[in-house]
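Going in written order, the chains are labelled A, B, C, D and E, and every chain counts its residues from 1.
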C-alpha cells in the first residue's frame, strides 16, 4: 500500500533524478550533438552546446566511405539469428531444469555459466582454424553459431529463472488435459513465459550486437557487422571527432531505439530474471 | 511432477544444450591445450608439437603474469564497487515518487546499449583527452591544470568507462529488488522508531544482499573478459594489462601461439577458480 | 494509558474521499474491532491512527495530546501487520529487540523485556531462529512480541490472522484475547472475519464505505442491528432477509430472521419449502431451503441431526421474539 | 570478379578507396573494402595470413611485416606479372630494399615516409633562433625550451609518447640510433642497460618534461597532428607524410608558418629518422592473384599519381615511393616539403641503422617476428616513464628484463 | 463409470515411504473425501491416482482396467488444482476448450460441450475474459468447467477451495455438491477442512502419515470414530479428550466428549471449572473452561447466550450416551 506523497517532495525527487539521469546519459547525448558539428566546432574551446550550425555532412561522409547498410544488415541477422537459435536450444533445457529438477540440475547450470568465463583469445587460433576447415570463415552462420554458444548459458539461465516462477501445476493440468510434451511447451509454457522469453531475447540481442571480438576477427566483408564498421573510424589520421561521433551514433542507434521501444521487457531482461 | 516418463524427457531436452556447450568447451579447449604444449609460432614457421611445460613455465614465471592477475582483480573489484555503490544509490533514487520516471529510467539504461568499443572511443577522445576532452575544459574552466586521465590514472579511467556501461545493469537489478521490499516491512521499522538511515542499514541493505550477489556473479563473468575497452584506450599500457589482455598480446601481438595458449589455459583455470568460489556464495544465497 | 480520539478525521486519496469526516472515541484498555466489507476503509483508518498516512482533515488525539502531526514512531503505538512484516534477515531475538535498539535502550533492559515477551508468547525456544524457519503462527507471535516489548499505549492489528489456517486462527485468536486481558492495553483490531469480531471485541465498529454504520458490543450488534447492512453482516450463517408480503405482515419493509431462530416443525409453520442442500456437521445440520418468500435459499440451523435430506419438504416457524424489522430505508424499527 | 582488400584507415588509403571505382570501371572487377584502424587491421591480417585463412586478396602491410612474411613464403612475388608501365626500377632504393626478400619484391609501396622536424617559423623567430637544415638534438631541446609558453598553450616540442611498437617505439628507436644506441648486440643480447640508451631516454624524458604537452604519454601521430594544427606545438618530429596535412590551410591554422628540417642527430653520423612504407601485398593464399596484381599495379603505379593529382591536386599524391615523382616539377612546386622528404628517406639505411654494428635490419624496428610484442611492452615502460609513473632507470631496467626474457623464450 | 481400485499402492520419495502399501476402493459415482493433517500424503495419493507421480509399488485400476502405467491423459480422469492452474494467456473459452482441442475433437462438438458447461457453471458471460479478469470463485468454476467438458470417469480435487475467502468457500462448496448430484460422477476430493469433509462427502477417508485411519460416512465418523485420532480430527470444535481418573471411571484409558454434548448446569455436575475465554457469537457461546481433569481448557458449546464470563465458575455434565471410550492403544471400545 503506497503512501500518498506530497507534491513538493515529489518535485525535489524529480529534479534530483532527472539530474542524475541526464548526467549518466550525457556521454551519449554529447556524442549525438558532436555528430552534427563540423570537425572544427567539435573541438572548439569552449565547447558549444546546441547553438551551432547543424550539419549532416558527417553522416553522408561515413555513408559514402563504408557499406553501412550491409554492416547493419549483418548485425541484425547475426544478433537476432544467434539469439533465436539460442532460444530454440535453451527452451527445452530450461524446461527440464525448472520442472524436472534433479540432483545435478544446479551443477549443470553452474557449469554452463562457467563456460562463459572461457577467455576468447585463448581459443582464437583453434576457432579460426576450425572456421577455415569448415569453410565458414566470414559467414553469418559461423557468427550466429559462435555468438549463440557464447550467450547460451545466459539464455538458459534466464529462461530457467523465468520458468521457475510458473507454477508446475499448470503444466500438470495441461498434461492431465492430454497435451503431449511438445504441446505442453508450445501451447502452455511458451505463451505463459512470453514476457520472460521476450526479455531474454532482447537482452541477448544486445549482448550479441555489442560483441566485438569474434565479430571482428571472424569476418572480413560478407558477414562484417557494425562492430567492424566502427573499427574503420576509430583512429583516422587527425582527430575526426565529428565523424567518429556520427559513425558511433549509427552503430548504436538501432539498438538504442529497439531498447527504448521495448523498455518494459528489457528492464525485466536486464535483471537476468534473477530478482523478482 | 516426477514420473519416470518426465525424467526421461527431461534428459532428452537438456541434451542439445549440454551437447553444444560441451563441444564448444571441448573442441577449441582441447586444441588450445594441445597448442599450449607446442612451440607454435607461425611467423617463424615453427611448429614443434611437444615441448613439455616450457610454455607454462615461461608464462607463469614472467613478471607480467603476476602483475596482470593483480590488475585484473583490481579492475574487477573497482568496477564492482562503483556499480554496486552507485547502483544502490540510483535504485533508491529511482524508487522515489517522481514525474517522468519512465524517461529517467531510459536515460539511465542507455549506456548498456553502447558497444564497448564505441564507449571506449567516446570516453577516450571526447572526455579524457587532455587537449580536447570535455574534462579538460571543465578543469580549465575551474582554473585547474588539465588532468591526463589515461596516463595518470589509467586503471581508474578504464574502470570509469566500464563502470559507466555496467551501472545500468546494477541499478536495474537493485531497483527491482528495492521495489520487491514489502512496504509493510519499512512501515514496521518506521513504527519501531527507526530513522531513515537506520531503515537503510537494517532493512533495505540486508534485503538487497541477494540482488547484490547476483550483480557480482554476472558482472564478474563479463568483467573477467574485458577486452575492447583496454584495446582502445591504453593498449595495455600503464599497468592496465589484464590477464585476458596479456594472453591477447601473446597470441596476436607476439604471435606466440604456444605461449598464448598456455596463458589461455591458465586463464581458464583461474576463471573457474573464481567461478567456483562465486557459485558457492551465490548458490547458497540463491537457494534461500 | 491509551485513549484515542478521532475528531472529524477525514481521508482523501486525490479526489476520492475514502473516509468522510468521522468521529470515534476509543477508551483506554478497550478492545475495539473494525469490521466491514473489503475496501471499506478499515486499513486506511488504522493507518491514519498509526500515522502511516496523513489525515486530510480533522484531528487525532492520543491520551489527550494532539497526535495528528506526530510521526508514527512518536505516537507510542505498536502495529502488527497482516504479512507479519518481520525482518527476514534478523533472528527472532533481533526482530523483537529492534524497536528497543532504535530507542537506544540499555542492553540489560532490552534483554529483560525480550525474555519477558518471549515467555509470555512461548517463543523462548525460537529466539535464535530466523523468521523463515518458523511456522505462520509462530511468526505472528514474533510480530506481536515486537509490538509488546515497546510497551505501547495501544496496539494496532491489521487482519493479523488472515494468513493463518483455520485451526491456527482459532488458537491465535484466543491468545490475543488472553493477551488483552493480561496487558489491559488498548487494542484496535481490523478484520473482515466476523467470528473474530464477535469473539474478541469489547466494542465493534462496523464500517461501510468509510462511514461508521454502528458502534457497540458484539451482542448489541447481534441483537439490535441498526440497519439491514449490519444485520446481514453480523451473525453466521447470515441472517435471512425477507421483503414483500412476508415483511408487510410484520409492518416492515424488510424483516430479518437468523437461521438459528427458525424451528423445524412437523407440519404447518410459517414457511414451507423444499430442502436444497443439507449440511450435516454432526453437531448441527444446516438446511438451505427453497421457500417462495425468498429469492435465495433460506438458511436454517437445526441442532444435532435431523432426518431430512435433499428434496424433502420442510416446515419452518420463526421465533417471534427474534424477528428484526426494518423500514424502507433499511433502518431498524424499534 | 571480386577482390577483397584490407587496408588501414588513414587519409591516403581512404583516398585510394574513393578513387578505386576508376579501376573497377576500367577492369570490370569489383572491390570489397575492409578499412580498419591500424591495430585492428594488424590483428585481422596477421591472423588471416598465419592461419592461411585466404580471406584477403590484397593486404596493406608495412616494411616491418614484409620481410618476415616474405621469408615465410606467405606473399606472392611481384617481380613479374605487374603491368608494363609499373616500373620497379623507379622505386626509391631504400624503400625497395626494405620490401625485397632474397631478391624477390614481396610488396609494392603505396607511400613511403621517413621522419623529420616540422616547426613553426613564427615561433622560432619570436624566440630569436634560426633552424639549421640539419639540427642537433641539443639545439632542438634548447629551441623547444625557448618556444614553450604554457600559459599561451604553446609547447616547444611534440613527439610520440603513446605506447606501441609503431608509436613511441618508432620514434625512440630511431632517436636512439642517433645517440649510438642499438636494440641488440651481435649476440642478440638486449642493450637497454647500455649508457647510450640511458642517454637517449633521459634526454627524451627531460626534453618532454621541459617543453612537451600535457598528457604526452597518450599522444600518437593523430593527437600530435591535431595539436600542431591547432597551433599548440612549436616543433613536431614525426612522419614526413604529416607535412601535407600541416601545410593544408583547410585543416591547419598554422599552414603558412610551417618549416621543415632533417631529423636531429648528435654528430655521431646517424640521424634520428626512420623509414616506413605502407605497401600492398598479395597473400599466397589468395586465389585471385592476377587481378590483385592488376590492382596493385594500378594503385602503386605512376598512373595513380596522375589520377590523384588531377582530382585532388599534386600536394595530395602519395609521396615517398618513386624517384619520378621527385623529378616532377609540378609536384615540387606544390609540395614545399618534397625535397626534405626525399633527403630524409634517402638518409635512412635499414641495413645499418645504428652507429654500432647490429645483427638485424630495420631502422625504427628490428625485423624479427618477436619484435612487435617486445617493443610494445618496452613502449609501455617508456610511456609509463613519460607519464611520470617511473624513472628512466626503472623503465630501462624493466625493458632490459622483459626483452631478455622474451628473447630467451624465442630461442635466441 | 468410474470405479477406482487401489491395490497395495505404495509411494516412496527416495528412502522415505510416504504412503505405505494401501488398499482402497472407490465406487462409481461416490463422492470421496480424503482428510488428514498437513503432510499426511493426501495430495500424493491423489497424484498417484492421477498419474502425475509413479507408484513405487502396487496397482491402480480404473473401471477394472489396469492404469498403473498409463500416462495421466490416458486415465480418463480430470483434476482441479488448488491454485486453479488455469492457463492465464487463454480466454475462459479456450481454457475450457483446451482438453477437447488436445483430444482433437471436432469444433462443433467442442462448442456444444463448452456451451453446456458454461451454462451449468454460470460462466456464459465470462467466456471471453482472461482468468486474470475473474474473481477467485469464478476462476475455480472455470477450472471445474475445464474438467467437466472432458466427461471424465472421475474428478480429482486437491483442496480446490482453500484459496477462497470464507463466504465464497461456503458457496462453492454447495455448488460442487450440487454438481455431484447432477453429474453423478465419481469425485475424489482432498481437503483439510473438516467442515467441507463432513458436508460434502459420501465417504470420508481419514489419513495419517499415509495410513488409512478410518473410512466411512461423515456421520459414522462423527458418531463412532475408530480411534482417538479420528475422534479428535472430526468434529468442530474438537472433541475434549480426558485421560486418568475421569476416563478410568468409564472403564477406558481415554474418554472423549464433544463440546456440544456438555450441558451447563447450575450446580453439581461432573466437571467444575473456571471459565477462561468465553466466545459469544450470538447464536452460540463457546466456553473454554479450565477443569482439573484436563490439561488444556475444556471446550463447551452452549446454545444462544449464557450469562457467564471470564473467571466465573461453571458446572458441566456430559450426556452419557455420547461419551466415547478408547483403550490404551487409542482404539474405540465398542
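Just so we're on the same page, contacts are C-beta pairs under 8 Å (C-beta built on N, C-alpha and C of every residue); 3 or more make two chains touch, one makes a residue touch a chain.
Worth saying up front: this structure is predicted, and the values here are computed from it rather than measured.
Chemist: Would you mind checking the shortest number of contact hops between chain B and chain C?
Modeler: 1
Chemist: Looking at chain pairs B-E and A-B, which one is connected by more C-beta pairs in contact?
Modeler: Between the two chain pairs, A-B has more contacting C-beta pairs.
Chemist: What is the chain whose Cα centre is as far as it gets from that of chain E?
Modeler: Max centre-to-centre separation from chain E belongs to D.
Chemist: Please compute the C-alpha centroid of chain A, do the same for chain E, then give the distance between them in whole Å.
Modeler: Distance between chain centres, rounded to whole Å: 53 Å.
Chemist: Rounded to a whole Å, what is the gap between the Cα centroids of chain C and chain D?
Modeler: Taking the average C-alpha coordinate of chain C and of chain D, the gap between them is 89 Å.
Chemist: On a C-alpha centroid basis, what's the spacing between chain B and chain D, in Å?
Modeler: Here chain B and chain D have centroids separated by 37 Å.
Chemist: For chain D and chain E, what's the span in angstrom between their mean Cα positions?
Modeler: Here the centre of chain E sits 90 Å away from the centre of chain D.
Chemist: Multi-chain contacts in chain C: which residues touch at least two other chains?
Modeler: Residues 52 of chain C touch two or more partner chains.
Chemist: Multi-chain contacts only, two chains or more: what residues does chain D have there?
Modeler: Correct list: 43, 47, 51, 223, 226, 230.
Chemist: Among the residues of chain B, which ones contact at least 2 other chains?
Modeler: 1-2, 129, 132, 184, 252, in rising order.
Chemist: Over in the complex, which chain D residues touch chain B? Could you list them?
Modeler: Residues in contact with chain B: 39, 43, 46-47, 50-51, 68-69, 72, 162-164, 213-215, 217-218, 223, 226-227, 230, 232, 369-370, 372-374, 376-377, 379-380, 383-384, 386-389, 401-402, 405-406, 409-410.
Chemist: Of all residues in chain E, which touch chain A in the complex?
Modeler: 50, 52, 71-73, 77-79, 81-83, 85-90, 98-99, 102-103, 146, 150
Chemist: What residues on chain B touch chain A, complex-wise?
Modeler: Per the touch definition, chain B meets chain A at residues 1-2, 6-7, 9-11, 13-14, 16-18, 20-21, 24-25, 27-29, 31-32, 35, 90, 93-94, 96-119, 121-123, 125-127, 129, 132, 134, 137, 141, 164, 167-169, 172-173, 176-177, 180, 183-184, 210-211, 214, 218, 221-222, 224-225, 227-228, 232, 243-244, 247-248, 251-252, 257, 260-261, 263-265, 267-268, 271-272, 274-276, 279, 283, 286.
Chemist: Okay, in this complex, where on chain C does chain E touch?
Modeler: 165-166, 170, 174, 177-178, 181, 193, 195, 198-199, 218-219, 222-223, 234-237, 258-260, 276-277, 279-284, 286, 288, 301, 303-305, 310
Chemist: Please name which positions on chain D make contact with chain A in the complex.
Modeler: 4, 6, 9-11, 14, 17-18, 32-38, 40, 43-44, 47-48, 51-56, 220-223, 225-226, 229-230, 245, 251
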